[in-house]
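Provided herewith is a single structure, encoded as structure tokens, for subsequent inquiry.
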Amino acid sequence: MNAPKQVAVIGSNASGATVAMADFAFALGQMLGTEGYTVINGGKGGVMEAVCRGIRHSPNPQRGRSVCIIPEGEPAYANPFCDIIIPTGIGLARNFIVANSAPVVIAVGGGAGTLSEVAYAWQTGKIIIAVTSFGGWARKLAGTQIDNRRNDIILPARSVEEIRTLLQEIFKP
Amino acid sequence: MNAPKQVAVIGSNASGATVAMADFAFALGQMLGTEGYTVINGGKGGVMEAVCRGIRHSPNPQRGRSVCIIPEGEPAYANPFCDIIIPTGIGLARNFIVANSAPVVIAVGGGAGTLSEVAYAWQTGKIIIAVTSFGGWARKLAGTQIDNRRNDIILPARSVEEIRTLLQEIFKP
Amino acid sequence: MNAPKQVAVIGSNASGATVAMADFAFALGQMLGTEGYTVINGGKGGVMEAVCRGIRHSPNPQRGRSVCIIPEGEPAYANPFCDIIIPTGIGLARNFIVANSAPVVIAVGGGAGTLSEVAYAWQTGKIIIAVTSFGGWARKLAGTQIDNRRNDIILPARSVEEIRTLLQEIFKP
Amino acid sequence: MNAPKQVAVIGSNASGATVAMADFAFALGQMLGTEGYTVINGGKGGVMEAVCRGIRHSPNPQRGRSVCIIPEGEPAYANPFCDIIIPTGIGLARNFIVANSAPVVIAVGGGAGTLSEVAYAWQTGKIIIAVTSFGGWARKLAGTQIDNRRNDIILPARSVEEIRTLLQEIFKP
């Protein structure tokens, strides 16, 4: 794929995420940082904060970056591990932008907000990877089709390693 | 409920809607027009066009109005039965506005676009009515909860009459 | 012009509008209601509230309608004279939608918000009428060009009668 | 100022920018990259492309980054010097996000799009620096107030050096 090396990570916020989801997201962030991906996300708590924190704790944090696209118009509302903050001021309509922001979207857990993002990512033709190890919409939708406009499925993944391999395949020159 | 007498109708577009869905949406539009509701919708084909057409064919079309909030910036992209057209120019981010536009959202059939709207309506606290007589996300989600932030469910409805009764209850002074 | 009989009215909010501006906007609303235009506006105070109130006080208020596109996601934030409320939840990005919502945009007074709407209306090719009887950006920009992408100018108007005549010319079949 | 070290640069697109403006924007980008600012911009041609190119040609391009927030939903529409691309899919409503994206907005030249961004930046309380060396809305508005909601003015600047000094003052810990 000839596209910017960007991935979007979506998932449960602080109210919805379990500790297991956050641990996974932290490890995912470490891997994405190590591999040099720019990680677009919604910039709030839970899975979003954990993936940003993981990037900060990757061996060479300069290689990757977290870009946090938040609903509010003020940067103070972002989680404290965001490298770059985009305060949109457009509320949850920012979910559409998160879904558009990368050719690949990775979902971990997820409530209604994540569901809107997966729906958008499907409509706009993004590759979607859904983690099956936890509950939420990621597990419910993994391996399925949102509707019949596409022939492919939402790709299931159980581990960070599986995601690394999928991304290498997707972004290979 | 002390709120404007507005309902949003969402559902399958021209590619996804069956004739049965469109017939239902037409009858729904007739009922909504007769009862004097302003009907906000996405202004494209399928369920959206049928509900607008139904309003035009209600006994006193002056009492109700269809307001079509379309993705494009030009009114020519709306279906021909829209009474008022709001060309947004913001693409599918307009789904968030459709979900915000009324205290009650009624879903008929529905693919990924409808799913994003239901997810948004859930997040923003709207009453959601999902028609169970056809496929799509409306049937899949009827009677369920999107996530655990709310205690209520997506209200199932089989007929236009059931919806009329639900709305009378919701909008009673 | 073969377009929906819709006009957008923009202008100073409650903090910026003078009584003279509000009186003008009220008379403008009466005229627009009498002529059967649907009037899209930002739904807040000042010029916006006055034009909505004028429509309510036109001889046959059924013929015209005010449609209020507000920044907030809740209808309670609209002024009390809105016939139809579209709570967007996208903050001031709703200015772009107001500018897109009609083929003609009429400006009365106006601070920074109005200025963003005039700039958008210029970019998207709308006919712009600016009232010269008061201060604000309407007077500053009347008769000028925002940039050189268009050959026409922002049309100056001193009175409601002048606006009525301009609109009849614009919307003649 | 305790805020992310981010600045937004706005200005004429490829149709409106002169070579002199683009040369200035290139030098501005080099300075901003050297100083380690993340530079949010609209990602299209003219001033936007030149500032992104300048960052690439700064002594240590790793320190700074250009983040391009484009109207389209596909990254291919960005200029080729963007480090990070945010395809929004929301059209010119993205101007509101660009204006929200940093505590300081720097304008070079500028037509209607830039004008909408300056108006938004004024409404949302951003510090605005307008380059006076060229035409466009930057020169027209430098030293003025958009409306009376604020007591400060749009800061005029003639050179990249002046902007460097202003930013050091603004971002000093």
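Letters A, B, C and D mark the chains as written, and numbering starts fresh at 1 in each.
We take it that a residue touches a chain if its C-beta (ideal position, glycine included) is under 8 Å from a C-beta of that chain, and two chains touch if they have at least 3 such contacts.
Since the model is a prediction, treat every value here as computed from it, not as a measurement.
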item: Rotation in the CA alignment of chain B with chain C, degrees, nearest 5; value: 180
item: Same-site or different-site touching of chain A by its copy chain D, using the half cut; value: same
item: Chain A and chain B, separation of their C-alpha mean positions in angstrom; value: 30
item: Touching two or more other chains - residue numbers and ranges from chain C; value: 73, 89-93, 96-97, 124
item: Contact graph of the chains (line, ring, star, complete, other); value: complete
item: Of all residues in chain C, those that touch chain A in their complex; value: 73, 89-93
item: In the complex with chain D, residue positions of chain A that touch it; value: 3-4, 6, 38, 40, 62, 65, 67, 69, 73, 75, 82, 84-90, 93, 96-97, 100-101, 103, 124
item: Contacting residues of chain B [partner chain A, same complex]; value: 15-16, 90-93, 95-97, 111-113, 115-116, 119-120, 122-124, 136, 146-149
